[in-house]
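Listed after this line are the structures, all set down as structure tokens.
Shared between the two complexes below is chain A, which has chain B as its partner in the first and chain C in the second.
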Partner chain A sequence: MNILRSQICSVLRRPLYRQLTTTARPFVPPAQLVFHDNLYVPGAKELDDSTVEALVGETNEQEPEDDEEDPNDDRDKPHPDSPNFYTGRSSYYDNIVELQNAISRTRGTLQRLHLLPLPDFARKSLQPMPTVWKTPEEMTTDFETNMTISRYRRVTTLLNELNEYLRIATTAGYADVADRIGSIISIFESGKKEAFLSRGIRKPVLLDQHGRSYTFGKRKTSAARVWMIPVKSSTHETISDVNVEEVFGLSNEHKRSPVNVTVSTILVNNIPIAEYFPQPVDRERIVRPLKVAGVLGKYNVFTIVRGGGTTGQSGAIAHGIAKGIFAHEPETGLVLKRAKLLRRDPRMVERKKTGLAKARKRYTWVKR
Partner chain B sequence: MYFLRPRPSNPVWSSLKSQKFSKNWCRQLSQVQGPLETEDDWTDFQQTRTSLKTLTDAMSQYGSEQTSQWSLRDSLHRPAKDATLSALLASGAHFGHAASRMNPNFLPYAYGTRAGITLIDLDHTLPLLRRAAKVVRAVAANDGQIVFIGTRPDIRPVVQRAAQRLGPQGFHVGDRWLPGTLTNKWQMFGHETVRSKRIIPDLVILLNPIQNMNAIQECALSNVPTIAIVDSNVDPRIVMYPIPANDESPRTAEIITGVLSIAGREGIAIREAELQRMRLAVDTAWEDFHKMHELQGEHPTEDGRPRDSNAVGFDY
Partner chain C sequence: MVLALSRASLCRSLPQGTACLPSVRTYANSPPGQQGQFKIQNVKGSRKSKVNKTFSRKNRIGAFRSMNPSQLTVPVLQPRPSLSMPSFKPELMTENMIGQVVAFNQTLNDPIKYFGTPKNMLLEFRLLSQRCSVIRNITILTTEELNSAASEPSHKTRYVLTGPSGCGKSFLLLQAVQYCLAKEWIVIYIPRAKTTVNSTTTHVYDLRTQTYLQPNYAQQTLRRILEVNSANLQTLTMRDGLSYERRSFSSGTTLAQLASAGSKDPAISSVVLETLLTELCRQSKIPVLLAVDDFQSIYNQKTSYRDPHFSAIRPYHLAIPRFILEFASGKRSFPKGAIIGALTAADPAFPVTNELMDELGVPGVHPRSPYSKRSKILQEYARGLRNLPVPTEFSPREAASVFETWMRDNALTAPANDELFLAKYTESAGNPKAFVWQGILGTLEGAAPVVNESTSWPQLREGRI
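Our next item is the complex of A and B:
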């Protein structure tokens, strides 16, 4: 009866969750609780056998009844792996430490090779090595921590320094050092590096087997496809065949050797340019790239143009012709760029706004 | 720059002659050159720089002999085993905070005030530091986990190197100590880690206790002994083993942390030596046992039956 009552009382006193998780043990003072066999206190006196037996005996009495391990009992568990365990972000700090070690090792190597510190004239002659690091989102998955701006900046500062050392090593020709740095850097490089570095760079226009260039021009809402092929001088009748001085009756005193100028054709939608563009403004606009580059009679031009009106179509054809000239003769690139002919004119018709008659035109202001 | 005429009989000079030792050499060193284009340009550039070093190395044997050379000690990478009074004074460990901010419980460790600053009595600091070192040595010798906490950027490398010295038993926190690391470990680290690894450390050493009061509180709740560098504006009773010194000086932190981490390394070495001794004792005991057994095996028993050599065998 007493046993039952004491058990029921104990159940009522301690909540159920505590009963299930902890073992019922009598209280023992901490000093007498634990005695390891391999407890070594340097400088402590040896205990005599009787004391040892007594203590061991007490420990045996206090063994937990159940075989389940108390999860709060840490003694036999291994140490955590990373020295940064108590930061709560061990993989992030491990990587930071690895990068710092790599930087200090590389710095030492380059100093021994007399490549550091590098004077300005040598620094200017280093190969450019643009790199694209992983985005903070990609690094979050790698480091298992949320990459805030400050943490990302810390990592990228270290990576940029390592990249500088890579530049120095590759330019000076130390391939083994460069390979080691490269292997570390490649872990942090974005997979979209190639795409990112090649953005904005125009693909070079290639000439096909007949020597034609195929380019595209746009202006306002018009689009023009332009084919250009160099004129073969032997088959065409040249202007030099006709003796200008004889025809006009000019003096023969200052005779210069005639310049061989070829005649070229420009066809727009299979119609000659003079017929398609009756206005001289449009024809001037189309021919301007050829004049600026100085290749007026050199290329035959065939164009298909769609959309827009006269100004748009002539501007589109001019844009296409300029690109075609650049494809045939890259040396003219600077001249065409200065004349702003290679640029797609971004001006488009502005939209009408509410409350206004047109894009900019306001309704008549009324005083009252 | 004035050069001596090279004498061909001297071997040093003849070796130097083979390196481009010309009148323009000095000018080459100091002058700004054009950009380096080929790899040969880079090699020449390196060679110009190496030649100065080679020259000084060759000439050094002709200089005067320095008998008493004082060299600055790198207290981060190679700290001293014991701290001396002069080293602590030189690092400014005796400078406390403003006298108006002095904590009254710090009075036993204060030497006095001067220029409005509390001066810390280093005669108290040294024995307390030795006491703390003994604690670290004992904890490390018993396979204890020791955490170094130093959350300022200038003492971050100090705690990192100290943890490295203790090997697998050393840990460090160089940035903010997340509250709940010890008291909220189940949520912090996950059930798997808490069940499989040792989470609660056996000793915590703090280099800037004022900024890490959360850590001190958690250690107190989790029954973890603490050592800390206490400055004059701090109550020394917040930790178990205070070391009164300047907490703002990185050189003081290097000296103190160096002493403690080297004591920890010694403790690990003692443990290793003890384990080795025990293993050796057990091995020799087994060898003796086997030898005795062989000797007995040569002489048969009274029954006449040969002794079974495997009669006494239990797995070792």
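Our next item is the complex of A and C:
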């Protein structure tokens, strides 16, 4: 089944400007051709009237007598759909042919538009369009042939060339040409293209209706779930000390207006951080992302942490807090990244190996 | 081998790059005036040997040579401006002084010197240039309570300061002691009541009272009470006479004379202390404050003392804990005054017992049920105690004042800025002890590395850590 046939016929068969000398006609064997007197027939002589009558009589005589159908008669036999029928892989070769036709037409178009051949500087400035073609298995079902490596490579080579022309066309701004190429390419693109291209890219964390972020942090075998919410700065306690000198304007000191300072509360498993982590190093590790991003006192943090020991849990919480800060304030992304706080620390406990006492420790060497 | 030349000049004559010869060692010469300081006089064998040895330990004070103070250019050692903070006065106990640090100045009857303080507080005062503490809202509350207690019997004002470890109970108690002393009360402050029950002081069984007396501790207590309250005690006199062990005191002797007699002789000190307390219970002129830190230690059923049968002695069978218990329970009472105790939350040897927790309504670490063990006698002694919970965290203002005090005392290793303050406050969750000891004093954060622009090495230039 040539899936391209209908597309191509409707889309690309419409020539751009060239006038064809011959019109497209279905194939008819010469014996069945019916010639009228006015028409030109190559190699045909002028026939006498008597010869024409004799011929007409012959045909008229034969028709009512012949009731049985000759199996070798080609008149009523169904024609093969594709000219590549006798290759045995008609669908595959049809597609190859159509792709090559598409490439040649597009090349011609782009050459006329002076977009080909493209100089190096222009080629470097092309819009990147990464593509993910269908897997050989998917193409096997489409082409009804076993897609070996060479056949797959042949198809993908053609598709990559088409993709290059698509890039040129989109960057140059020829939307109609780009659309036409794009419609062909989209047939061969994998459905998992979006997922594949977005692999490894951080998913943006959304804030809920209360403005809380929910992030995850991990370190060694610990996992921490971190919720962060901005601190509501309430009206600060009014300082009721009345400095008499200031009131009468006699004070020499320039007194700054009091700044409303909010403080962060960090709860780990519903326990204050100072109680859960008695070691100062764990506490400093947890507070470090807030320090680096400069948001001390801006967010309240609630954490649930499980697994591992003190270092793992404090590292997991720090990772979660860093991601939470990034969710609230994307501008801090660069500074957190440089401080390596957004990175999940990949270090894990190394396994013990056979022949060694521990991961690296060897048994005592004995001379004999 | 260089013999005649002095070693210092030899090193100076060599070019700078060369190393000194291994046989030539340089040691600091002792200053000119101290040449003969460490010489042993008139001892055989101390004659100077004619041969000058290359290495001799005589006339050397090791590698130390004291420097001229003007040569000290390190910023840490520069003379710092003295902390100018107001001194503790009862008039300063107002709402607008909350968050202000006040100093406990040294007076003639300084309670910190004579009574002492708990160990952590002592260390902190040693580190600081001045003994000071911050006024919190709970301080104002306590002083208001004490003002109202000045005219009421002590059995109506029996408070116990509670709270988690490091929230400032001992400091608050010290502030109460200073306040009452400034208000001319008689103050009996026992900073480490644990020492009365942990078998560190002598105990002697007394047949008359059927309790164990602690004569040495009584003597010390009398001496301290006398030193701190001598002015007040001189105005009070005994109503009844006392005669004990060939010593007699007539009825008109001042309590100061009584106390001084008792503080000199441990044999009569226990009885004198008992008499002193009885006399104080009779007079209603001057209010009396009994302040006890480590309050929960005397409520533990088993003290560390052992009787001849090797069973643990109960606290109410020891003289000093007994009188504290009696005053705390209200069985004995000063006509004017108050009793304040402060718990020590994290002492595994003497934990806070069920009886105290029940009475004060403190939740405690482990769940309690009606089937948990309780002593009826101690429950009796705990009846009527009121809980005065100390706030678990500093307010940002109080923390800022404490931070500034330590900052001015050059205690910070890191640059003093609001980022450090907020970081330490967040890490310690406002807990006073954690904020000072683990936050300010225990941090390893130092100054940020300075990029050296003059070096040619790019990795140093970029300031990479």
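The definition used in the following text is that the second predicted complex is superposed on the first by the 236 of 368 C-alpha atoms of A that agree within 3 Å, B and C clash if a C-alpha of one lies under 4 Å from a C-alpha of the other, contacts with A are read in each partner's own complex, and residues count from 1 in each chain.
We take it that a residue touches a chain if its C-beta (ideal position, glycine included) is under 8 Å from a C-beta of that chain, and two chains touch if they have at least 3 such contacts.
Computed from a predicted model, the values in this text were never measured in an experiment.
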Which of chain B and chain C A:Gly297 touches, first, second, both or neither: second
If touched residues of chain A are counted for chain B and for chain C, the larger one: B
Chain B versus chain C as contact partner of A:Ser186, first or second or both or neither: neither
Touched partner set for A:Asn101, first chain B, second chain C, both or neither: neither
First (chain B), second (chain C), both or neither touched by A:Gln111: neither
Contacts of A:Ser233 with chain B and chain C, given as first, second, both or neither: neither
Contacts of A:Phe85 with chain B and chain C, given as first, second, both or neither: first
Set intersection of chain A contacts, chain C complex versus chain B complex: none
Chain B contact footprint on chain A (complex, rising order): 36, 38-42, 71, 74-75, 77-80, 83-88, 93, 97, 113-115, 119-122, 124-125, 171-173
Touching residues on chain B, where the partner in the complex is chain A: 32-37, 39, 41-43, 45-46, 49-50, 53, 137-138, 141-142, 145, 147, 160, 163-164, 168-175, 177-178, 181, 188-189, 193-201, 267, 270-271, 274-275, 278
Contact footprint of chain A on chain C as seen in their complex: 95-97, 164, 396-397, 418-419, 422-423, 425-431, 434, 438-439, 442-445
Complex contacts: residues of chain A adjacent to chain C: 237, 239-241, 261, 263-266, 272-275, 280-281, 283-284, 286-287, 290-291, 294, 296-297
